[in-house]
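Below, chain A partners chain B and then partners chain C, in two separate complexes.
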Partner chain A sequence: MTLENLLLVNFKNYKDSSFNFNSRFNFIYGDNGNGKTNLLEAISMLCYTKSFLQSSEIECVKYGESEFEVSGSFRNSLNSSQKVAYRYSADENRKSVSVNNEVLGRLSSFFGELPLVVLAPGDLKLTQGTPGDRRRNFDIIISLMSHLYFDDLKNYTRIVKQKNSLLRDNLLTKKYSNSKLIDLVEPWNTELIDAGIKLIQRRAGFTTEFQEYMNINFHDIVGDRYQPIISYKPDIYEGFNNGTFDVINIRNRFENKITEFYPLEVKRGMSLVGPHRDNYVFTMLKNGNSFDVRTFASQGEHKTFIVALKFSEYEYLKNKTESEYKGEPILLLDDLYSELDRSRKEKITNLLPKLNQVFLTTTDTGYLELLKQNFKEDELSSFNIINGTQKAAG
Partner chain B sequence: MINTSETLEKLAEELSRLPSIGRKTAHRIAMYLAKSPADEVIRLSDALLELKEKVKLCTVCCNITETDPCAICSSEKRNKALICIVEEASDVFAIEKTNEFKGVYHVLHGIISPLDGIGPEDIKVKELLTRLSGDVDEIILALNPNVEGEYTITYLSKLIKPLNIKMSRIARGIPVGTDLEFADEITLAKAMEGRTLI
Partner chain C sequence: MTLENLLLVNFKNYKDSSFNFNSRFNFIYGDNGNGKTNLLEAISMLCYTKSFLQSSEIECVKYGESEFEVSGSFRNSLNSSQKVAYRYSADENRKSVSVNNEVLGRLSSFFGELPLVVLAPGDLKLTQGTPGDRRRNFDIIISLMSHLYFDDLKNYTRIVKQKNSLLRDNLLTKKYSNSKLIDLVEPWNTELIDAGIKLIQRRAGFTTEFQEYMNINFHDIVGDRYQPIISYKPDIYEGFNNGTFDVINIRNRFENKITEFYPLEVKRGMSLVGPHRDNYVFTMLKNGNSFDVRTFASQGEHKTFIVALKFSEYEYLKNKTESEYKGEPILLLDDLYSELDRSRKEKITNLLPKLNQVFLTTTDTGYLELLKQNFKEDELSSFNIINGTQKAAG
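Entry: the complex of A and B
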């Protein structure tokens, strides 16, 4: 899949700008604060029907304006084109997404139609941040691949919210007696376990498959001095080393833990057991020692890990959705080169030509020379962004 | 905003309590009524009063009705030992259109949803249990296939289980996320046919 053009009207610092993109490589450069990231954000809004930066719509409206529009044409592997338009009006607080001029009823059914992988500076929180940051990242990838997972995840999240609401309200109002409360919580637990098992199995299966992609991409960037390891740590197996992922085992452990934690859940007024508390742990094997990326990695090592992770996501999605008409994902690389040493920069640059359509931003035009060695002339377009407008460039 | 008529504001406020009427729409309706001929407005207000006077809930099935018991509950042709449990009166209407169901109904008037502050005591569960102490052979749970529908099914089936009544739920032939009210007749008819025991 490729994005052919993009129109931005009153989107962040863009008043009215349009772009015609290269189907291979788009080099977007400009000084700080001119709108490079905003441009990528606009692309993500079309693909995900929300911003990868999780900006609220109202933050995206240009200061002093009341509505914005972002639209673009995507071409899939069957060579048919889809015009996607995202409109938001602050006055009515209403957003609408249309595909070929038809307004979508349910946005969630569109998720995954336009596969996209994003590397952003904020992704440093993947290795450094909370379990929730990592869960969210992988949930997006699995959801892009599987509608079923996306649906299960939505249901699961809703169940947790309902259960939390019941427990929290009762903590405040003491409306129900102890035995009545158990009767009311139990059916939520039944649902939570049923939906949770599906998530756990998917996440476990995903992690195993994904590891191989990670090995290859990591190796391509740093050789074999390090080996990256991604371990899935389901909440229900916390403190257990030998949890297996067959349904019976998961169910047993899930039921036991949820029973064990019930008194604490009532006391705290929230649900404390299940995949909404899962974690993924990143470790690296270096010279025979294994260390936790989160605490021991250097700046550059964090970045390397994340670049390899994002390239792996790209390959993973590409292979998983191969049989579909969508075509390969689009890759957004915001500020790809920062933190990396020269050797890694070069190795990563060498990997770029095998990708589908790439959008790369940087403040340093010097990289253009490096890139030109890897792409044919007509495969590379560059865009100089100055305060929300595009300065004519090659 | 300067409020030019307290009466109009009061009406708008009442109207905005209605489902799917926002503040803007409520104002528009109030304004429209203010400008309408008197007899039109009187007809509307009469219709509202008449509604309140004549339309009530059936004391048996809690469906909306003008006669008590309702036409379905008092029909000789309906099997009173077979009860189909639905969320809303509109669901009864949807199932009746299929002409396939020969039992009677029980309308819960809502679904259990802590996020909306609705517990079992806020819907017609007590009425259902009273009813089940009579002669009932079978129950069909025809609730929407969403998180709250599933919960309510599990909750009710736990209550009903000790009563030794056969229980089934309509098959999940209905696309997830579609409300019963909007499911087409064929899907709904099929779903009734393919109900599964719980």
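Entry: the complex of A and C
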């Protein structure tokens, strides 16, 4: 998949700008506050039907305007083209996404059609943040790969929501007797366990496969000194080990824990057991010692872990996606080089030519020289962004 | 105040290392994960009696060891010297801080004796995070300046805690009648209002004074194109304007709001009104338009705002501290240059010589050339950190 061009109208600090992109490498440079990241954000809105920065639409409308439009043409591996347009009107508080000029009825049906991997400064929360941050990240990757997982996840989320609403309602009003409440919760628990096991099985399988990608990318950046380990920690099974997945065992543990926690769920008015509370733990072996990345890694080690993670996500999606025709994902690299030492910067730059289409932002044009050693002249275009306009194309 | 030397024993990745520092500029460089930030963390533990990274002591003990020691000698503006030592034993789970070989009874009595300002990557949460993040940051600065404020803050925090404990206890046990509960809460509200007004008055005065420092530093980095505005937003007074502070008006509003929210406080079992819920809002004027930094600033604009903020804190402390003998604060700059464009990097570097003693970490030795243009040869020492040891001193 490649993005051939992009049009921005009243989007953030862009009044009316268009870009023709290189199918391989796009080097986007400029001083602080001129709109480099806004360009990447617009691309993510076309691919995900929302911003990777979680901006609300109203925050994306140019100052003094009332609506914006972002549109672009994508070409897939069968060489057919798709024009995607994202429009928002603040007056009507309405957004619409169209593909080849047909407005989509359900936005979620489009999710995964244009595979995209993003590396941005906010991703530091993947290693430093909450279990929910890591869970969401991997849920997006598995969903991009498999619409089945995406549907299972939506279904599971719906069940948790219904169960929560029942428990919260009862907590506030005390309207059910104990036996009545059990009768009402039981069917939700059955559904929750059935749907939950599908998620656990998929996440466990994903983690095993993904670990191999992670090993290779980490090694390519820092050599033998470090080794990264991603451990999937299902909420229902503390001692879980990926190597020994067993559906009957998982189901037993799930049923036992959900029974054990039932009194506490009633008291707290919410669902406390299941894969909506899963975690992934990141560990590193360094000089023979094992340490928790979240607590003990330096800023540069955090960044290295995340860069390896994003490159692995890219390759994983490329190899595993269920819809072959889409081809390779697009990769957005916002401020890739910050926090990394020279050796790591160079090793990462050497990895870039194996990727399909890349968009990289930076304030430092010095990196252009480094990149030119890795790409042919016609494989690299550069864009100088000044206050929401493109000054010169290389 | 200058730090003359530092000794680290079994602290993080340092086995047994000592450093003799330059009284002006210390350039600390090395590859990712070698221990540059650990060095700054050790300095912050001597000055604050805790880590600026909020590490727990047990996380600071070298792998395989059971205790650490960090010690250093500081020289104040009267040229007298203080030796501070911070020791922790994991086996006994005990920490102690000694000054000139006398163990401190209360650690908090020492807070503010060694004024320190820190800029670190985690500070991005000042502009992007919660009101609590900003409140804590300014509370530290005002406390470093004034022990009176520090005591008022501790007193206020104690009152809120007592009131919370009373309300929570009642929520869980319903042990008081309505009239009895009011009788019990009333005296806490009186204390809370008296103590709270002191905080509000001090915070309002601080914001007015601090704005001027912020204007100058921001202008020195980016020129006329931008203007920063820091607005203090007391919880009890939405439309508060620093220019019109009036104690009687504030007291009336405080009393009215605390009465208005009483039923909700009882229902939620916690104190919902007062300066423990204050906010500071950061705004920028850019090209004539005003925008909220938290929502609309680019990554580079966030960083610029924070750099100007930290330089302003430094100068504010230097000019306003109530204990003249301490002299100027120490400034720690962890990864100062990331995210900034070339022009901003240069302008910030030009500001560094006006500071007293600075410790700067970086992976990029290229900045050393830039710095050498601003400092005399004997004003600048460099330290190459490799795996917890110092390789060469310049």
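Just so we're on the same page, the second predicted complex is superposed on the first by the 385 of 394 C-alpha atoms of A that agree within 3 Å, B and C clash if a C-alpha of one lies under 4 Å from a C-alpha of the other, contacts with A are read in each partner's own complex, and residues count from 1 in each chain.
By definition in this document, a residue touches a chain if its C-beta (ideal position, glycine included) is under 8 Å from a C-beta of that chain, and two chains touch if they have at least 3 such contacts.
What you are looking at is a predicted structure, and each value in this text was computed from that prediction instead of being measured.
Enquirer: Looking at A:T363, would you say it contacts chain B, chain C, both, or neither? Reply first, second, both or neither.
Expert: second
Enquirer: Does chain B (first) or chain C (second) touch A:I159, or do both, or does neither?
Expert: first
Enquirer: Scan A:N32 for contacts with chain B and chain C and give back first, second, both or neither.
Expert: In the superposition, A:N32 touches chain C alone.
Enquirer: Please indicate which partner A:R106 is in contact with in the superposed arrangement: first for chain B, second for chain C, both, or neither.
Expert: A:R106 contacts chain B only, not chain C.
Enquirer: In the overlaid three-chain picture, which partner chain does A:K62 touch, first (chain B) or second (chain C), both, or neither?
Expert: neither
Enquirer: Counting touched residues of chain A, say whether chain B or chain C comes out ahead.
Expert: Answer, by number of touched residues of chain A: C.
Enquirer: On the A-aligned overlay, A:D341 touches which partner chain: chain B = first, chain C = second, or both, or neither?
Expert: A:D341: touches chain C, not chain B.
Enquirer: Touching A:D169, do we find chain B (first), chain C (second), both, or neither?
Expert: First partner only.
Enquirer: Using the superposition on A, tell me which residues of chain A are in contact with chain B and, in the other complex, with chain C.
Expert: Common to the two interfaces on chain A: nothing.
Enquirer: Using the touch definition up top, name the residues of chain C that touch chain A in the complex.
Expert: So the residues of chain C in touch with chain A come to 30-38, 55, 59, 63-64, 121, 124, 286, 289, 291, 295-301, 303-304, 334-335, 338-344, 363-364.
Enquirer: Which positions of chain A touch chain B when the two form their complex?
Expert: 106, 151, 155, 158-159, 161-163, 165-166, 169, 175-176, 183-184, 186-188, 190-191
Enquirer: Provide the residue numbers of chain B that touch chain A in the complex, in ascending order.
Expert: On the chain B side, the touching residues are 113-115, 117, 119-120, 146-148, 150-151, 154-155, 158, 176-177.
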